[in-house]
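One chain, subunit A, links the two complexes that follow: it is found with subunit B in the first and with subunit C in the second.
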Partner chain A sequence: MMVAEFVFYLFAALTVLSALGVVGSRNPVHSVLSLVLAFFSTAGLFVLMGAEFLAAILVMVYMGAVAILFLFVVMMLDVDFAQLRRERVRYLPLGLAVGVVMLVELGLMLGHHHLVEPPVAAVAVDNTLAIGQALFTRYIYPFEVASLILLVALVGAVALTHRERKRLHRQEISQQLARTREDAVELRKVASGEGA
Partner chain B sequence: MAEILNMVHAMGEGFLGPLLWPLAWVVIKVILLLAPVLFMVTYITLAERKVIGAMQVRPGPNRVGFFGILQPLADAVKLIFKETILPTKANKGLFLLAPLLTLVPALLSWAVVPFSPELILADINVGILYILAISSLGAYGIIISGWASNSRYAFLGSMRSVAQMVSYEVSMGFTLIPVILLTGSLSLVDVVEQQKDWWNVIPLAPMFLIYFISVVAETNRSPFDLPEAEPELVAGFLTEYSAMSSGLFFMGEYANIVLVSFLGALVFLGGWLPPLAILSFIPGIIWLGLKAAFLMFVFLWIRATFPRYRYDQLMRLGWKVFLPVSLFWIFLTGLVIQLYRGM
Partner chain C sequence: MAEELLDIHLTLMMPEILVAVMAMVLLLLSAWTHRGGTGVVHWLTILTIGAVILVLQAGEGAAATFAGQFVIDDFARYMKILMCLGMIFPIIMSLDYFRGHAMDGGEYHVVALFALLGGMIMVSSGGFLILYLGVELMSLSFYVLAAWRRDDVQSGEAGLKYFILGSVASGLLLYGISMIYGVTGAVSFREVAAFMGSPAGHANQLLSLGVVMILAGMGFKVAAVPFHMWAPDVYQGAPTPVTVFMSVMPKVASIAVLLRILMEVFVVQHAQWVPIVQLFAVLSMGVGAFAGLVQTNIKRLLAYSSISHVGYMFIGLVTNTQAGVQGVLVYLTIYLVMTMGAFGIILSFDRQGLGEKISDYQGLAHKQPLMAFVMAMFMFSMAGIPPLAGFIGKLNIFMAAVKADMVPLAVAGVLFSAIGAYYYLRVVKVMYFDLPEGSFKVSVSGGGFLIVTLSLFLTFLWGILPGDLLAWTGAGVMVFHH
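This part shows the complex of A and B:
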């Protein structure tokens, strides 16, 4: 038990520190990397609570896909550090306001639900199975609606960014394969002395 | 076996006390697991040079020790004693962290790899998911190395590499889903035990093929080694790395090859189960080793055989061929299982 507690405080401290790193780093790339660390330590906390399925999905989806795409975008941006620092002061009130709202919400939550022991998933139950059953029976409609929304976002992203580029020559494999000898080669008999 | 274990436990508790001993025991188990893994990682480099040498009708390294058997040690010593050069404009901390971020996930995944029904460090019930999750972290080492090097070649190489890894991770994950459907469990031990009658490669042959090609791409191996395509990108994300820091990248790459070979053997080739019941007198761990060794050999064989892919062809293969085919197979497998149960 003592080891579990120690690990809990380790991950909790890591989560808070890396979350501070997200907002505090001067370099946006460091911010994203701190975010990744925050995801990782949160996954660690999930494991401690016996929710290994959630932890694995968190690592796979958020760290393995979402944060990588963040990193991609942030790395390719042409960042002007001086301007970033100037804007920091400009956006400080807004950021603080959002922070205060979140803090109040958190406080209200804690006020309603008394601080109890973290809910430890029953060890005997396979939590992958439990989540699957809950998602596909009780919450089937919200689940399907959520996936439809994701699909709309997907199609929307493609529709917004896709454009025909006329001047670009792409490799069309079906065209290449459909080419026959007859289309490509023309044999002519040229009388001697008459060829151009 | 159990008596020896009890003796070791008793001795350890006497030596370290009941509080420290369990921790020490975990450390001992981790070392016992990682030592053979690292041994395989060092010797697959020699195997690679020998196999490719044989395929190109030349002897390969044969100067250090008998048949060059000590060559990996010589390489390691050379890499350790060379100077690690830090580029002046590099982001120092991240530059040195990046190789570790490639190697560590490759080693972490071994925690859930079973070598026999009992011989497994952590028999968690989401084993496959854990491996997929951890292996998706390998991309960080590469993307960070490209950015921290502050060099254009490295950056382009790492961008390519990450795009490639993210794309092929999808199809690799999808090829494992039919297996999970057949097993009804995410535990690797269950996955192997379920293959008692039929190895998964028989009903899921196309998935095995896609899995193997995807992991070749995922580990950035030839013919998908575009990230370090030397004619265009010098050496991709490896350009600025020298000595042991680049050695760590290679160790990560080879550790991944060994890992995905073992995973392929476990998931598709029946793991420690013998191909015929008569052959069960040979211990399971040897069968597993043979199957994994075969897959590793195919990795090397492919490298000696195929020319490099073009980048757009690679992306096309991943997204337009493997993704639809594996999605279709997921539906097909689900349908067949449902019909079979209905009968």
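This part shows the complex of A and C:
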């Protein structure tokens, strides 16, 4: 039990610290790397709760795909860091004040109340089976709606970025097949001595 | 497991299925037909939404399916019909706009249909999980639509601004939902309401915090005042037909959700949310009235106008009575009609690249007396001058507030509507008393003419004989038993 508690606090502290790193670091690349660490320590928390499948998904999808994609975007964008820093100094006092007030309020409220105990996995089915059963029976409707959201994201991204290139040479197979000898070859009789 | 599977009645969600399937069919159609298909897609979209309205019209009774995650009743049906009208009118008006601005329109209609679907899912949601998904589907579609004219800097800015601020609002909403889930261990409205009614739910501060966060998130979606910053910029930057979508559809969906969760789920937290919504109402009316005074762009002006209209609707929400809910439904319906009419006029200008600035309307009455008259009527109606429909909307809301012993709120509403009247009348003054500079080349499209005429007719009809409207909304109100 002691070990589990120690590991929990370790991962929890890591999550909070790396989340602070995401918003606090000067270099956006460091921010993204902190985000990766935050995802990883959250995955650790999931393992502690016995949700190995979620942990694996978190590592593969969020760390492997999403965060790395972020990293590419951050590195490719030409962001003026000096400008950002100046603006941050301007808005820092106000943002900090609001943040501290909200944090204190949250702390006051959380201090007196307890959340519902997380449901303990009582059934002897494994993770993937339990998630699959929940997703495709009880939560099939939200599941389908979520897939529509992904479809809109896809359509939107293509619609906003796709440009038709006018001078692109495309292969039109039907046109190639429809070509006849008469279209393609022209025979001319060149008088002797007059050819170029 | 098996018994849960049995609780699926797809016939109840015919309208949603119709919209989703047609959106995907049209997506394929516009991919295959390339550019030439825009017209076909346009008409099929209109047909689809028309069919959905007919299906909704025919439905009756209250039912739920998917273990209570999908709820349908008279209230939901009324709101869905409003949303369908809020989508179909701008689409009818905007075919010429597409031709004029050389916008590729096939996928545009698909995304618009998905936005409608998101709104319908929100209105029919029976739990926080599905509510959030509906909000996301609708918002994501609107972010894309706002940026549709991607070569236009303002449109791109509008899309990006809407996206970033909207994501923050979604975050707030999710945070609130997670608080409520953390305390109650449930996401369905029924279970959360039951928990809140139990002794453990009374005076639980964490629950209140969740309620506040959800209010903030939804307040953003309707552009109620402390969360309104995005609205003027987005309304101005987005292509005009999208501005028409945005000024009606999301507001109907979000106000429907607010009515449902505040009056049915957060009943015990009544003492906590009433002051907040009151504050939203007063601030929205105030900022809408004062900030509208200095606008020079008519789309920005109508953005501030919509902010103040939301403020009036929140008064009806605060009363927490059936009369208040009916006031909100009546106001929403009239707001829809007035907005469609006013934007119909703006759209018939917009094809010449004119019509964005208020000064573009200088002396319109001298050249196009009929058009100026119609625009003036919509402005009078928005200002709440009798005998037009806008007056009836405000009257119902204020009456409900007085009946619920909220006289100060009603007085504030009357005062702010008097201040707001100034900027509506300024548009009328520019059209009638300023001299025209240059000539107007106005061409009203067939669809635009149809919608503007219909809106004008309804504005007069409901201003003088609001009986029908009150009867229609009455059925939807009965869902809330108090």
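Structural remarks
Definition applied: the second predicted complex is superposed on the first by the 133 of 196 C-alpha atoms of A that agree within 3 Å, B and C clash if a C-alpha of one lies under 4 Å from a C-alpha of the other, contacts with A are read in each partner's own complex, and residues count from 1 in each chain.
Criterion: a residue touches a chain if its C-beta (ideal position, glycine included) is under 8 Å from a C-beta of that chain, and two chains touch if they have at least 3 such contacts.
If you're wondering where the values come from, they're calculated on a predicted model, not measured in any experiment.
Within the superposed three-chain model, A:L160 lies in touch with subunit C and out of touch with subunit B [touch as defined at top].
Of the two partner chains placed by superposition, only subunit C is touched by A:L148; subunit B is not. Contacts of A:A38 after superposition on the shared chain: neither subunit B nor subunit C is touched.
By the touch criterion defined above, A:L48 lies against neither subunit B nor subunit C after alignment on the C-alpha atoms of chain A. In the superposition on chain A, contact is made by A:I140 with subunit C only, not with subunit B.
Within subunit A, no residue touches subunit B in one complex and subunit C in the other.
Subunit C meets subunit A in the complex at residues 1, 4-5, 8, 20, 24, 27, 66-67, 69-70, 107-108, 110-111, 114, 117, 121, 129-130, 133-134, 136-137, 140-141, 143-144, 147-148, 150, 159, 182-185, 204-206, 209. Residue ranges on subunit B touching subunit A, taken from their complex, read 23, 94, 124-126, 129-130, 132-134, 136-137, 139-140, 143-144, 147, 155, 159, 162, 166, 169, 186, 312-313, 316. Subunit A makes touch with subunit B in their complex at residues 3, 29, 33, 36, 52-53, 55-57, 59-60, 63-65, 68, 71-72, 75-76, 126, 128, 171, 173.
Those residues of subunit A that touch subunit C in the shared complex are 106, 109-110, 112-113, 115-116, 119, 133, 137-142, 145-146, 148-149, 151-153, 155-156, 158-161.
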